[in-house]
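Okay, so subunit A shows up in both of these, paired with subunit B first and subunit C after.
Up next is the complex of A and B:
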């Protein structure tokens, strides 16, 4: 119950900035249009690149724009609060609360993601549908699997962002690590270019890394590229990374609390 | 000139401040280089599936990419902080700045100056340098290339300042400006021939980013415009740069005059 309350408060907190939301949807859509034309040119020159057709490619672009904020691809989200509280020393208060830190921030981040999905996710998708006639999930099963995959994407992304924010325990400032991690996320999530286009070993590596669960896996499920056992495997891939990374969050937090020296005390 | 000196002093102050977290300082520079570096790797992967993109080969696209990226990096390093003006308004820092004997625009641009774009600058310069080896140079082409980089930086300067002024009217719509600044930068990475004619017209006359690299690069590459636009446009970048800049400064002045503080 507590975690639901945390999530709803986070949802409401992010919904305060209406103008920011509208301008964000506008910006995502502008980028969606730019990339759509770039991909259309690519698939016109090579109509079967990466096993996608032109409509798949354009759909992929708009899904990427819709997911950008929902999974907080650039980093940030509620884990920024954590890093800031470590820097200021307020984290000491959080640590003697009778609630687990990871669960608290995860709930809060899911609330944030829900808000961003309904606005920054839904907005560009509708525009993509109207302007570029993007594909919709082929079956109810695909749609349901996409929803599950999306939640898992947020959890995996949260765990990585939590680990990044935790570096503040040692470095006091997460910004450098955050930018590095954002760079990897953009590239290896398939946000910049679908991972299906990555050649040879680079493609194999990229598809095995946790970032693949951000955009590539949910998008492929939406496009119906995973069916039957394959669909189950795709979701299991995300679950596995979520479990491993959340465990790492707990581990890092245990290490960190052992060394915390509250500033000024 | 005095303003430029003050700008330098404020910038130096912020570099020293950022150095207080040395690990972050280094990682920020490396990370930003990495982002743009991977950006180019993306382009390169794209070309492993293609012979040309809308008629342009990899090294031609690299020339477009490198020149635009270089112009953006210069503008962003010099005045990127202007994006944060909404925060200054919200926290009341703009009022403090107004009481100081240094032009407001200089203070806003130099504030929180960061060298994080050094990475991007280096990466863009390398790509541009590589692409330049494929250009068939003549004295006039060298001149056009230099004027392209200067005008490109001026254009982005104008776009950053101009669109940031929206925040004088609404303080939390920072992202709106990104569509034009970073959106403009992204558009210029591709040959404009991938877009429909209407988009090209918009990018020439409304948000004139086509002058950042597209028109001058057509001249450098000795190509005729796929849309059949007049050749004179290939030399018009300085005009576009100065016009954008003047427009942006006018908008800035209107914004500052409109500003009535948040205090009451």
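Up next is the complex of A and C:
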């Protein structure tokens, strides 16, 4: 109940920034169009690159734009609140509360993600559908699996962002680590280029890293590339990273509260 | 609330806390590692229902102690028990039974109306709805917050926010409440109301209060007992009257004479400063001002008189200088 209330509150808080939302949808759409033409050129040269056809490729672009803010690929989201509260010492107040910090911030981030999905996710997808005739999930099962995969993508991304924000306990400021983590995320999530195009060992490594959960896995599920046992394996991959990373969040938080002085009186 | 042991509510024994600090030293390229002792050999206990002032100069270790009492800082040594729990190991369990108020930080959510913050707290502390409504009605009434319930916290005045924070800390019926400079920045009327409220809370519900403050009047209005801490250890534990006596603190009589005069000479007081017709006389806090005032009035033409109480800093400073 508490966590639902926390998520609802985050949803409402983000929904107050209307102008930012509209300009964000516009930006996503512009980038979607640019990337679409770039990918179309690429697939014209190699019509079966990475096992995608041209429509798959363009769909992938628009899914990426829709997911960008929903999973907070660049970092940010409610974990920025955490880093800021560590920096100012207000984190002490969070620690006085009878509730786990990881669950609290996760609930909050899911509320944020829900808002960004409905606006920054849905908006560009409609544009992509109208302008580029992107593919829709082939079956109800694929659609449902995509929904689950999307939630898992947010959880994995949250956990990584939480770990990044936690560095503020030691460094007082997360921004350097955040930039670095954002660079990893954009490359290894498949946002820049689908991981299916990564050759040899680079592809193997990229597909095993947690960032693959961000865009590549949900997009492949949407495109129907995972069926049957393979679909289960794809979702299990995300679940495994979510579990491992959330456990790491708990561990780091325990270390932080044991070792580090809460700032200020 | 029932506790398994009938010992004191707060029990602190031989508490230690050191911090590693890296310090830049001129002429050395690497920073030097140093150990700073924040709390050393601290022992005290507080029974349920007590109202205790926990005072000391800046950097004495007050906040460090509170952090260890609430479990957000792990002691380097010694023992802490609050309500039979080990705070740092059972922080979340303990959090349900304590309330914390900071004068300088808010526990409310700045973007939410007060009412929404309170509702979030109800869910967080799992306060039964009936109890929640009863408490909320009572505190809103006592603290006169009715008109602000639907205002976002960021739009509240400091006094309103403070009252909101106090309500937030008490909704779950904590056994003990820690107040850190609760009246800082408040005007006289707000301070008075807040003190009255805290006194009533203690009388009606037996809530234990641990108050850190630099405002002697907070202590005088609320606390029967004072613990003074300096350099991380307790240097005084007893009544406020006893603190004045032990500290040898002095009050000041400010005399405005009709005409300039040489330093006033009356028994029991000595002149500290003379500025034109105004003179400052100091006398021990535990002595009555009446005979001194009478003696001055009998011997001189007095235009005006006022008495300045010693502030807590003076009392403590005197205490240290005597102890040293």
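Definition applied: the second predicted complex is superposed on the first by the 263 of 265 C-alpha atoms of A that agree within 3 Å, B and C clash if a C-alpha of one lies under 4 Å from a C-alpha of the other, contacts with A are read in each partner's own complex, and residues count from 1 in each chain.
Everything that follows uses one rule, which is that a contact is a pair of C-beta atoms (placed from the backbone, for glycine too) under 8 Å apart; a residue touches a chain by one contact, two chains touch by 3 or more.
Fair warning: this is a prediction, and the values are worked out from it, not measured in the lab.
Applying the stated contact rule after C-alpha superposition, one finds that A:26 touches subunit B and leaves subunit C untouched. By the touch criterion defined above, A:97 reaches subunit C but does not reach subunit B. When the two complexes are overlaid on their common chain A, residue A:193 makes contact with subunit B while staying clear of subunit C. Partner contacting the larger number of subunit A residues, of subunit B and subunit C: B. Once the two complexes are laid over each other on the shared chain, residue contacts for A:14 go to neither subunit B nor subunit C. Shared-chain residue A:162: touches no atom of subunit B or subunit C.
Once chain A of one complex is fitted onto chain A of the other, the partner contacts of A:52 are absent, as it touches neither subunit B nor subunit C.
With both structures placed on the common chain, the touch criterion links A:173 to subunit B but leaves subunit C unconnected.
When both complexes are overlaid on chain A, the residue A:222 reaches neither subunit B nor subunit C. Shared contact residues on subunit A (touching subunit B in one structure, subunit C in the other): none found.
Residues of subunit B that touch subunit A in their complex: 21, 23-28, 30-32, 34-35, 38-39, 41-42, 45-46, 48-54, 116, 170, 172-176, 178-179, 183, 186-187, 190, 194-196, 199.
In the complex of the two chains, the subunit A residues touching subunit C come out as 1-2, 5-6, 9, 13, 89-90, 92-93, 95-100, 257-258, 261-262, 265.
Here subunit A touches subunit B in the complex through residues 17, 19-20, 22-24, 26-27, 30-31, 34-35, 37-38, 40-42, 45-46, 49-50, 171-177, 179-180, 182-184, 186-187, 192-193, 197-199, 202, going by the rule given at the top.
Within the complex formed with subunit A, the residues of subunit C that make contact are 19, 62-63, 67, 70-74, 88, 91-93, 95-96, 98, 100, 102, 104-107, 109, 111-112, 116, 119-120, 123-125, 180.
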